[in-house]
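There are structures below to look over.
Look for chain A in each of the two complexes below; its partner is chain B in the first and chain C in the second.
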Partner chain A sequence: MSNIANFLSKDAIACNLACPDWKSAVREAGRLLVKEEIVEEAFIGKMIGYVEEFGPYIVILPGFALAHARPEDGALKTGISLITLTPPVHFGHEDNDPVSIVVALASSEKGEHLECLGDVVGLISQKEKAEKILAAITPEEIYRLLI
Partner chain B sequence: MARLNIGCVCGCGMGSSLLLKMLATNVLDEQKINANVDCYDSGTVPGDVNLIITSTAFYDGLKEQFNGKIPVLCIKNFSSKEEMAQKLQEAGII
Partner chain C sequence: MLKKEIVIQNQTGLHARPATAFVKFANGFQSRLLILYKDKEIDAKSIVSLLTGGIGSGASFILQAEGSDEEEAITKAAEFLESLQD
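Up next is the complex of A and B:
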């Protein structure tokens, strides 16, 4: 089993969401974490708050944003959610916009998510893999591509 | 040479800074360079690190904060070992 499978469930994936702006994209990804009881509702606002405070630095790869907040911001467990966006959404990043994949990350303990995060970014930075994720029309398809 | 202390910095000290840490550790291990690499949020960087690695968003603020006393590297592509290696080389670390 990959590291990702320990921290991502099929129910925390959504495909081809139409989000009018970056806040709504982060909110959708956060809502999946709430649904899976990985974070408290307040975590979502914190994820948005960090981007408002520091800028769109969470867009770490072309087309890919890693939304997150701190363990003490309402993380109950360690886990991730993933959404794909159609059409892509602008976060205001000068190099890596527009964003088509958002992963929201919660960690109840610093460091516990390290391997999982590394694996997700490793996969998404492979162009071919990212294209397949974007072409997927069901959460199951994306799940199979990731684990 | 004393063991290097490197601080990777982002907003929360657990997302992008963790990826920077993985990237940096990867490059340093390949070059057989012994270093402690830790993650910090932008408000809690200790003054005794030898080098700071961060992204565009925190670069100016950290440079100003440490006023040239600690070198600050700015990484744009979080999946590029080449960029990390190049910047570490420019900083004289590898």
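Up next is the complex of A and C:
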């Protein structure tokens, strides 16, 4: 079992959302963090702002975006949310578009952020795992794949 | 093969943005670039390897380069890592 169970709840997962663009996808993932009281509302705008400022570097692997902002941007604790997108959404990344899985990551402490990030990336980078996540139709299914 | 000790000095460590930038940079060299950190051997040319490595602020590790351009690779990669922005 990975550490992800410490950071992810079933209620922070949503499947097959139809988002018209990347901002709306990041907003949906952020909304789940707000609902779980992991971040303040302002955190969502910051996640979008960093992409506008620094470019779509958050699409770190083909099909996978890791939306995040800094601890001081309104993170109340450490946690993640995960959404799958149907159809996939373009973020403007030259190699890794289009995106089907968005994870939003918040952490209240910098060290934890890295640990959690590593766990998530380790899992999603397994091709077979990512395919199963995409094929899942309920949050419970995805949750079981991740913990 | 060349080795150099590096200490990460920025506040936030090797998180998503600097890691992405570094991987791109490292891939510009022919040499194999490895980060030896704790008990891990991290491939500096792989974003997955780098992000799962959990290299935080203040981390100290050995950078290792091996290949035809190892001298340039280790010097420039060390400069890059030592001057990371947050």
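In this text, the second predicted complex is superposed on the first by the 146 of 147 C-alpha atoms of A that agree within 3 Å, B and C clash if a C-alpha of one lies under 4 Å from a C-alpha of the other, contacts with A are read in each partner's own complex, and residues count from 1 in each chain.
Assume a residue touches a chain if its C-beta (ideal position, glycine included) is under 8 Å from a C-beta of that chain, and two chains touch if they have at least 3 such contacts.
Note that the structure is a prediction, hence the values are computed from the model and not measured.
In this overlay on chain A, chain B clashes with chain C.
For chain A, the partner that touches more of its residues is B, with chain B and chain C as the two candidates.
Using the contact criterion defined above for the overlaid structures, shared-chain residue A:His68 touches chain B and also reaches chain C.
In the superposition on chain A, A:Asp95 makes contact with chain B only, while chain C stays out of contact range. Within the superposed three-chain model, A:Leu117 lies in touch with chain B and with chain C [touch as defined at top].
By the touch criterion defined above, A:Leu33 lies against neither chain B nor chain C after alignment on the C-alpha atoms of chain A. Of the two partner chains placed around the shared chain by superposition, chain B is the only one that A:Glu53 touches, whereas chain C remains out of contact.
When the two complexes are overlaid on their common chain A, residue A:Ser125 makes contact with chain B and with chain C alike. Residues 50, 54, 57-58, 60-61, 66, 68, 70, 110, 113-114, 117-118, 121-122, 125 of chain A lie at the contact with chain B in one complex and at the contact with chain C in the other. Within the complex formed with chain C, the chain A residues making contact are 50, 54, 57-58, 60-61, 66, 68, 70, 110-111, 113-115, 117-119, 121-122, 125.
Chain A contributes residues 50, 53-58, 60-61, 66, 68-71, 94-95, 105, 107, 110, 113-114, 117-118, 121-122, 125 to its touches with chain B in the complex. Note for the complex: chain B touches chain A at residues 10-16, 18-19, 22, 39, 41-42, 55-58, 76-79.
Those residues of chain C whose C-beta lies close enough to touch chain A in the complex are 11-17, 20-21, 47-48, 51-57.
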